[in-house]
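So, here's a batch of structures to check.
In what follows, subunit A forms one complex with subunit B and a second complex with subunit C.
Up next is the complex of A and B:
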């Protein structure tokens, strides 16, 4: 029985090394609080400390990644116990993407807000706190840790939205956020308490196989379904999927634009990664119990319906918006819908029929889409921020004639917007193509498994239709930039901001034109072995489940034997 | 004396009742503090569930009790942030009625 207290252990220096990226973020928070006491309050200093903290986190993550790649470790857990935190490729991938994005947001803050900011240390303490929560969210399968991590990500987010004190919109936005967030977190905890009662453990890696059996045998489905819906509700709230999306446009409109940019990617991405883990745990659990994919029919249908509605709603509602932040909020809801579509795929090599194999996993498609989405949004928000700071208006009309007024902003904006639509030759197209490909592969693989095949093929049609719908509202901005000119004065954007936007635009163009496969391969590598079966949660990555494993453990004597065998076979 | 034996089911019914009250309060109250009270009720139902399951259902370990402590901490942290945000709203709008805010719509 794995319990929290029995496994109380003193962390060794190795454990702390695995945890060092998070510790770096904690250290950043402490520095942010201590340095102003010694050196006096300065917003720019705080910004630099936060930037340094993100860089340190990235460096430490890369160092940890090196060890994970070569040794393969199970996570920050006492041996022989399923841990509170999982340190795997997925967690590392997410940390790097999130920290790079955070560095971009801090850059944006330096351009526009550093001059006016009077509470720099507080702002960055909250900011880094929410980043820490999101990092933890992406690295756990323990339900209690999940709830705590979601709260750690949410509470600072509530505060950071209402950071502009004398601002009605910000005050209202943060109230709506905290009310909706509090309700969904409370209900999620109720679901978790029921799951704990049903299964007697908080570790989802243990819960998933038994829940799969229950779904298969049809016992306790009412209470299990209620508990799962409550638990998923809390995650879907962070994703802003449709029944839980009401906060999103208001919060995005009320917050400062760099905060909007931060929330638009980070909270959704963290929750999507968490959902991927749960879905994967279910798939692995079903495989370990020898069940077929048919038990996931209802779960997949539920997720697919939510994904389809989220996507469609986001795209339709965006069309009516005139405020650029609201428009981007609905755009982010729609994109969360696309990602949710692929999250509804319960895919595991063991679930496929005999002789059938898939080329790439749906998780890889989602992960690479998260990265591309971060790049696209960083570019769009950088341009939008600079236009808003220049004109003081958040209306789409502020973009009128941007092509003439500041081509250095209009062109990357065009690239990022077309990429958000998902049109070639930009990276958004290949990102969406991979998502649809994953759906298509799942639809083919599960063609004869109840209605799963139909569900996935329907999702492809819905995603395609939505891409067409989204063309209209993204095109409104493009039209304002290049076709509508009402003679607003030209301006020179800040060099840092224009560079950032252009880097994003060029990155999207280059990845799209040359159909660069590396990010996909990388994401594929990071998607492998999302989660280790709890029974085998010791110290190897090369378990039987690890079908895609490509970097075996060189230090492991068994591995050396097998390679020698292979070489001998090759020689024969 | 079966009537006097209090078992898991009693606690679960109590928790479900508190949960329902909380959900009812959250969905009917217009006052932000009222909604916060509803959230606290739901979190207390969670605590009752955790502790009752830990005592009656789960063999070995005390995950439930530890979870309850964490839930209390979560509730406290959330209340602190939420009340601060309510103060901020009151300073700006002179009300903490969640329906009264009208600067954001669309």
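Up next is the complex of A and C:
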């Protein structure tokens, strides 16, 4: 009995404090379910509870933020076991951005849907559930947890897309989402099982350095590559990278606009952060084995190609769209492509030699971009929602003459769209500029590594060219707003909505001119002091051989896996 | 606003002891229009044009303060003193403020003035002021919606233009460069003619296509300069402090004078994506500027933009925006990548020549008055490209003069078109005739304007063209194609004379037509725009040295000298 209890693990209060933001979200979900039973069903009450939940999550995240000093914490697991969840600056940054964005979306819901909504509690339970999944996605290096988190984010998303259950388009979108999502989840699980088979552990922090060694020694590279591709497939699905993007336009078109706005940023951002984490683990893992991060150059090349295609495809496909939601869907694909470009940089401080102490340049750039992208999209979707609710049409023609009909919406829309194109003096340009700078940094640093340097410089040219392509379709909306006028009646938008849109527009202008440096510094701060898998492992391993010969720990859930590992070795 | 003197520390015995004046005059010039725009935003609608005019006027008067430091440069001994021993050694009105600081880079708000941009800044504020006067009758326009928005965009455009000309940090330059796009897009797209939407997006697209490549060059140049100073710290002495540079830089003056950077950038072994760095980067920058110039074959946006744009916008477009192309060549392309310029020289000269001839032939074929003037602009700017492409002192001087001369004559021509369009409501050349008899004062002005554009000796257009041709001849030792090209370009003057004379004959000469009889003579407002321009056309024609060459030659010669030094190494 005692031995059985030994294997039971109860988190300490410290553990629970670290993960209080997630618990706050869970609490919100419980409240959303319980309160209607007591007080009766009211959509507005549910909305307020959800809003309160996001605020509480932000507050708790800020309180927890003080804990992260240098390395980040990997926890919520028995002592000495591999942590399931990670609390570090990256996770904190993402939580804050996501929760602020969620508050914006709830605000949007209050303006447009609160009156009509009859299933408020259900809607927000699903909504908060997907947010919880995304928060978990951004805070794990454990493959099992990763799979669970992605599913946790996906399943509510499927439901929330089809929430308008009498709407055929919504049902179709939801079904499409489920089918694509299910398949890519299956592929990802297959990849994870292969990785588990190869390495005998689900902890990516252990996998990455050993993968680097395997690549270095040239063993099993084919199966390793296949496993990694499958695993990344699941993440790329959430990012909606080409060729996993097919769900995106249909889902965006079918869903309610506030849901579309939510998915356009959150699911992509969460997956991008997860990818960044994996890339970082790879780089650090390689370095901890005394190898260059360039050992993963094939993976980098693959990501770079996917990024380039995603970006270009999104921009070209958007050109043909007349439905504003579909157009913005392709726009979001294109922007995911820009962010993926920087994700393809496998780089770590210290591996580049003197003169290139770059800090976390690519990651910082992506984090800034995520934040700016969230602001731009919130502004664009707020205005689009207001126009759609006013006119009942999702066509670009609904924007005709908006400059006259409602200047308070048209001007922030202009700011956000120009920012999405990436033109100064708006912050979108700055975001893109940091990405280009990161790519240039990588291109210079890897100039001597096979083709890597060329890849990054090519990406810069492709990113630049894509700015030009994207000009077409964003300016079709601008043209409709200011240059075309077919005499549609003027209207006064809701004050909250106009305020939200204008705040986004002004923020973009201010961050594009006066506060260029500060967001970047902040993101750099959050991009450093990550949970470093290799550093965390140094006390248990010095060489690869030690990992293989590591004494199995009775309390280690990886115990059996380590045994399998030895058996495999013996078999060889 | 008393200039504060800053003495740089001497790094060695022979250099860098220099006095530069640090003032915020240029900053005021840049942001005064933006401030005016802000004022219009909160002012009643009737006040919009008054505020705009006041802002433009004050900006112009302030810009005259930029001239005095450059006075007295005509004296050869003084020229040395003014321009010092290296290119742009004596930059005036400098102001540098750290703007974006990173661990390994710093982007500065860095503005300054030398002989290259001083005349262009004054031209900008002058043309903008006249264009503002030309917008005075906004309420009578066919599309007279929202005068506040019009004047706000108008002033934002001025901010962008002045900013481009005075920026000495490439990043800052790029920001201002792109900042001009949006106001121009709306000025054409909202207040333009029947095909305004097409013209506006075409303008935007062409310019952005060029500036996208410029952005790539911006990033690449930064990282290659970082490599350069890391590889050759012995050569990487900063132009400003004399200390060894340790990071890459966006500073245009540093990029064009630092020996380590010059060596790395122009070396044949420096590669970018498998191509030679100097030639590739030169081309990336060149495309961006060639679109603005505009040069054949990226000129097609210009006739559309001009035809659709309202008259004041056309004046600014022709008078100022086109100069940014030429300015970009002289400020960025050639000083930083002389080897690239040398490699492409035959190609560029050919482009210039084709622009001259093609533009003139197209102008001859036009029946639309404004389109004709637009094509004549392409032809005239071809001289700028041709003069620059031979990389000689005279060529550069000619190109610079041609830019200023065109900046005076073409706004005048466009305004002349605007005056008659307002009365006739059409621009069909063949339906006009005898306008000189109907409107004698206007006719006189028109003759001066178009003859200046033709390049009649004694008027401003002549000096630029002849200087360019002389410059091309001068380069015959270096380029075997120089003489035939010069001869062809000289012959093309006949084409220019052809279309201008034919135009004058069809529009202004001949019998007075009854349908035009009721046209009122040019008003006082219109004359107040035409007379200053006409006076300048004449003055620049007879006093080219005192009005322009004295100010610009020092800087231009230094640029050419530095270029030749670099070329001599390769």
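Here is the rule we use: the second predicted complex is superposed on the first by the 504 of 572 C-alpha atoms of A that agree within 3 Å, B and C clash if a C-alpha of one lies under 4 Å from a C-alpha of the other, contacts with A are read in each partner's own complex, and residues count from 1 in each chain.
By definition in this document, contacts are C-beta pairs under 8 Å (C-beta built on N, C-alpha and C of every residue); 3 or more make two chains touch, one makes a residue touch a chain.
Small disclaimer: the values here were computed from a predicted structure and weren't measured.
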Exercise. Pick one for A:179: touches subunit B only (first), subunit C only (second), both, or neither.
Key: first
Comparing subunit B and subunit C in the superposed model, the one touching more of subunit A is B
**Prompt:** Does subunit B (first) or subunit C (second) touch A:159, or do both, or does neither?
**Reply:** first
- Query: So, does A:483 touch the first partner subunit B, the second partner subunit C, both, or neither?
  - Reply: second
For A:464, select first, second, both or neither according to whether it touches subunit B, subunit C, the two together, or no partner. second
| said: For A:418 in the superposed arrangement: first (subunit B), second (subunit C), both or neither? | reply: second
In the overlay, answer first, second, both or neither for which of subunit B and subunit C A:218 touches. neither
Both partners, subunit B and subunit C, contact subunit A at residues none
The residues of subunit A that touch subunit C in their complex are 355, 357-359, 404, 418, 423-425, 429, 433, 436-437, 439-441, 443-444, 454, 457-458, 460-461, 464-465, 467-468, 471-472, 475, 479, 482-484, 516-517, 520
Listed in rising order, subunit B residues that touch subunit A in their complex are 12, 15, 19, 22-23, 26, 32, 35-36, 38-39, 42-43, 45-46, 49-50, 52-53, 57-64, 66-67, 70-71, 74, 77-78, 81-82, 84-86, 88-89, 91-93, 96, 98, 101, 103-104, 106
Listed in rising order, the residues of subunit C that touch subunit A in the complex are 99-105, 145, 174-175, 178-179, 181-182, 186, 189-190, 196-197, 200-201, 204-205, 208-209, 212-213, 215-216, 219-220, 222-224, 226-227, 230, 272-274
Given the complex, residues on subunit A that touch subunit B span 1-6, 144, 147-148, 151, 155, 158-159, 162, 165-169, 171-176, 178-179, 182-183, 185-187, 189-190, 192-194, 196-197, 200-202, 249-250, 253-254, 320-323, 326
